[in-house]
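Each of the next two complexes has chain A plus one other chain: chain B in the first, chain C in the second.
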Partner chain A sequence: MTRMGWSVLVGVAVIAGGIGLAGLRVNPYVYFAGYVILQYVVIATAWNILGGYAGYVNFGTPAFFALGAYTAVFLIRSVKAPLPVLIVAGGLVAALLGLGIGYLTLRLRGTFFSIATLALSVVLQTMIINWEYVGGSRGISVLRPSGPPFGSYVTFLFTVMVALAVVAVLVARFIERSWIGRGLAALRDNEEAAECMGVPTLRLKLFATTVSGFFLGVAGAPFPYYVTFVEPNSAFALDYAVNALAMPMIGGTTSWVGPVIGAVLLGTASQVATVTISSELNLLIVGVVLVAFVVLAPEGLLGLTRRLRGR
Partner chain B sequence: MADPLLEVDGLVKRFGGFTALNRVTLHVKAGERFGLIGPNGSGKTTLINCVAGSLRADEGRIVFDGVDVTALPPHRRTRLGIARSFQIPKPFTSMSVLDNLGIPLEYAGHARSEGGGAEARAILKEIGLEAKAHLRPAGLTQIEMRKLELARAMAARPKLLISDEAMAGLSSAEVDDILAILFRLNAQGITIIMIEHIMRAVMRFSQRVVVLDAGERIAEGTPDEIVRNPAVEKAYLGE
Partner chain C sequence: MVAGLLLGGFYAAVSLGVSLIFGLLDIANIAQPAFLIAGSYAAYVLNSAYGVDPIVVGVALTPLFYLIGAGVYRVYYATFERRGDESLRGLVFFFGLLFIIEVSLSMRFGVDYRMAQAGYVGKSIDLGGGVGIAYRYLVPCLVGLAMTLTLYVFLGRTFYGRAIMAVSQDQGALRLMGANPIHIKTIAFGIGIAAASLAGALLVTIAPVIPSTDRDYIGRMFAITVLGGMGSIGGTLVAAVILGVAETLMATFFGPSWSLAVSFGILLLALAVRPAGLFGR
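And then the complex of A and B:
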């Protein structure tokens, strides 16, 4: 079997494991928290395709996530579209936004690109606040469809998120190991040199921003059914911007494993902190951990283990 | 006379109100060793940035190997056979020396994946870097870094190699080392444009030299003719 075949097999096994876990019907909170952690696996992995592989730091994660969520809200309200349609549509709309910011990279690099993406998030939030059809600033209640395939609806969403996380990670891994990933690494190291060595930098950047945007939107699409009440402040929460960046940084940005490790560690830590201490403390913990890593292990846990093993 | 490999016709490049290149025309023949010299700020690097595509010329035409490349992005020109080294080395810092060569091999050298490793190793051997193949560029010395620039450009399998001050700051023995490499590459049929401040090297290497001063072409000829040209002397030393 090819290497790709193996990774797909492992992915299928993980999804089967998720369904098995859903069938156990343990404390519902486990699924509730598990969903959030898996959602962050998708977000961190998606962010890393642009931020880690191509080196373009996107502070606008909330814009993409919320775009996925609000596309879903719109489709639920207008045509009562089923969940798979919401996920694909949410992903595609966010991918389009991704393609748009891809063209920004023509003129904006480094910090300036990051600032532009941050501004994008603010602009989009303002637009949603003024759009009554999807709830405006007051927010909107979403009714879950009745009769999920198994268990409660949250358990069902949990397994959906397992599958989405597996797909996102497989795609990221495939990109990283293909000629696209090598080209992205070259342009991350030095864009001018990469271009002069035959790398079509613009096309690769557009690819990265589009795929990254797609999966950020995908992560947001099931969100309305998860929370059942969507309002701009929670959909555009700063947490998404900070976590999307912190998780890959903590895990290690150069490999697909990094964001997964970061999302699981940080996601679990903040869930535990929410329950045991306070939900407000979350962001503080993330911030402190991020600063510690940037100072002590700038290449994340992966870089740290590599360094320790090297000695 | 063979058709020129590179034709630059009436090239103009302005930065705001400053004209960096003013109607520069030059033809480089296939297989030639071509020297491009001029005082600091004379427009040498601007000219090769225009040829390689990093800068878009405001006027004029660039034809390479029969193809008008004036409007092509750099990566397309590289695939047609124009490769350059950078004055200030710009290695891919996160990759090993070997993987640095893998990028042009894969993207411009038409050697997708298979055999790429062997080819990269062969180039490193030719340039004298094979012992450093698995090092990161940060672990290289100055001269090794310059060699990496040349090796990476070679991995694009160019017809024309533009060497932008590959010897600046090197010792005399190291200059000879780089010169020997460039002579060998030329013997394999690669046309070379050398931009250099070290006169001893350019004059020994080049068959023909063009002199730029303040964005204008002021002289062209064999090294001997250039040395005796009063206009060149004036450009370098003043009246």
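And then the complex of A and C:
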């Protein structure tokens, strides 16, 4: 219990550091870029709970992210809900979808599950495109509420994202170290064997898909206030699917540190590439890095360092 | 309705490659639609530069794409299949490949819509009563049917075709018979990619293409393959026609923005209710 106490303490310290960072008056673009990187920390960590721990590859990251974002848009339009409500609601709706795909795993394993999640993303996008209330295909602009608690609104969102990232990482770390993480690892390596040994595979899978979906939705919920203009193509961008996959793969999927390392490295690299070169080239880099890592270092950076140290 | 049937013939051409690679070889090649679009652009470039018929270009380019496909399989085999962790990381590998091809195309050609020109585009046969068949749809449909028939005969009658069927059933047994399963799979993968590129040439005559068109076809391809029963060529054709008709009806009654949801909806349903497909073993 003390170990958990320590990790919570470290988390609180990081959040405080984030608030301190928001107090510094550096170029606002730093917060803008920092928000995106932190958002990817949340996404990569959430993806890894299902993809890394349980071994179910989810291509439908955009569906969950956009569901969080569009839940927020709906609540802003209908009742002008405050940001904390948006985050929780966005997370819960996405968690519900997660629970749904959890039941899909009953019949679909491996490749079929991945293709189904990809299909889910497109079906959801079509529904949003045809739903005029949240902007349809043209998109909708969102007004930020006036007067954030401190600083400018972007720095405020930045600190919110720091907190969300810390919570997501702590939850992932907790799952990994508990009996749940061990159960998930067992079903990742051999589902039938795990079931035979008395591991409650279905309950664990449902848990993993729900938690993973929750945090993907949470990552998307502040998105409308961040971009102030939401349209289906940006909310359902394939970039999220590729990045959510690439970041844990680069860092290493078996530990909570992996997605964080991957998200920070790849996120920073693509922010720099977007500014200095072009956004399309940046996507190309992500794709090439992903393929290179899967081929050359399947265990990610963590596995690579472990191997180097071992010899 | 007629348009749906014609669309079905074309969809069959699009899905044959997946049927072969995913259905028979059990390799989840998510990058297949990217090869489709690559075929479209190849046909478009030669068509706009020299005025060659896009479908002729498509046929002429199949050996090239066959070689590319064979190369991709060799890389895949060496890095994943031999190590035995093909399912998860192999999937990610193909997903990355899809992304690389798509972004490369959009960097080279931009995101403008491209379409090929041919003598028959824009003409149609009048059936009377205001019903006509556009050659633009008829020709790709006929080519698609021809491709289906060719592949069917190839798999059933020739040595290599039968070997491909065999490798899908029992690799170990094939090895005992003195054939090299890797060699056979390389051939099958190459044919699958070549079929996709030819279908791409058909696509660029039917409708304008942008690099991200491949995303629309991921769902269609896999929906048809799964619905048709993994690896069944006849089933692929039937499923393709079903999907073509369903999409056309949906577009007519609810508007074109819904037609894409049909394929993915059918895919989800097929996966959830009957993963073995209509004609599955």
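Note that the second predicted complex is superposed on the first by the 310 of 311 C-alpha atoms of A that agree within 3 Å, B and C clash if a C-alpha of one lies under 4 Å from a C-alpha of the other, contacts with A are read in each partner's own complex, and residues count from 1 in each chain.
Rule of thumb we're sticking to: a residue touches a chain if its C-beta (ideal position, glycine included) is under 8 Å from a C-beta of that chain, and two chains touch if they have at least 3 such contacts.
Bear in mind that the values here come from a model prediction, so they are computed numbers and not experimental data.
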| task | Quick one: classify A:199 as touching chain B (first), chain C (second), both or neither. | result | first
| On chain A, which partner's contacts cover more residues, chain B's or chain C's? | C
| query | Is A:111 touching the first partner chain B, the second partner chain C, both, or neither of them? | reply | second
| query | After lining up the shared chain so the two structures overlap, which partner does A:185 touch, if you call chain B first and chain C second: first, second, both or neither? | reply | first
| task | Mind working out whether A:173 is in touch with chain B, chain C, both or neither, as first, second, both or neither? | result | neither
| remark: Check: chain A residues flagged as touching chain B and also chain C none
| remark: Touching chain A in the complex, chain B uses residues 52-54, 73-75, 78-79, 83-84, 86, 90-95, 99, 102-104, 106-109, 112-113, 152, 155-156
| said: For the complex, give me every residue of chain A touching chain B. | reply: 179, 182-183, 185-186, 188-190, 192-202, 254
| field | Of chain C, residues touching chain A in the complex | value | 22, 28, 30, 75, 79, 83, 85, 87-89, 91-93, 95-97, 99-100, 103-104, 106-107, 215, 218-219, 222-223, 226, 255, 257-258, 260-261, 264-265, 267-268, 271-272, 275
| Residues of chain A defined as touching chain C within the complex | 55, 57, 59, 104, 107-108, 110-112, 114-116, 118-120, 122-123, 126-127, 129-130, 137, 238, 241-242, 245-246, 249, 280-281, 283-284, 286-288, 290-291, 294-295, 298
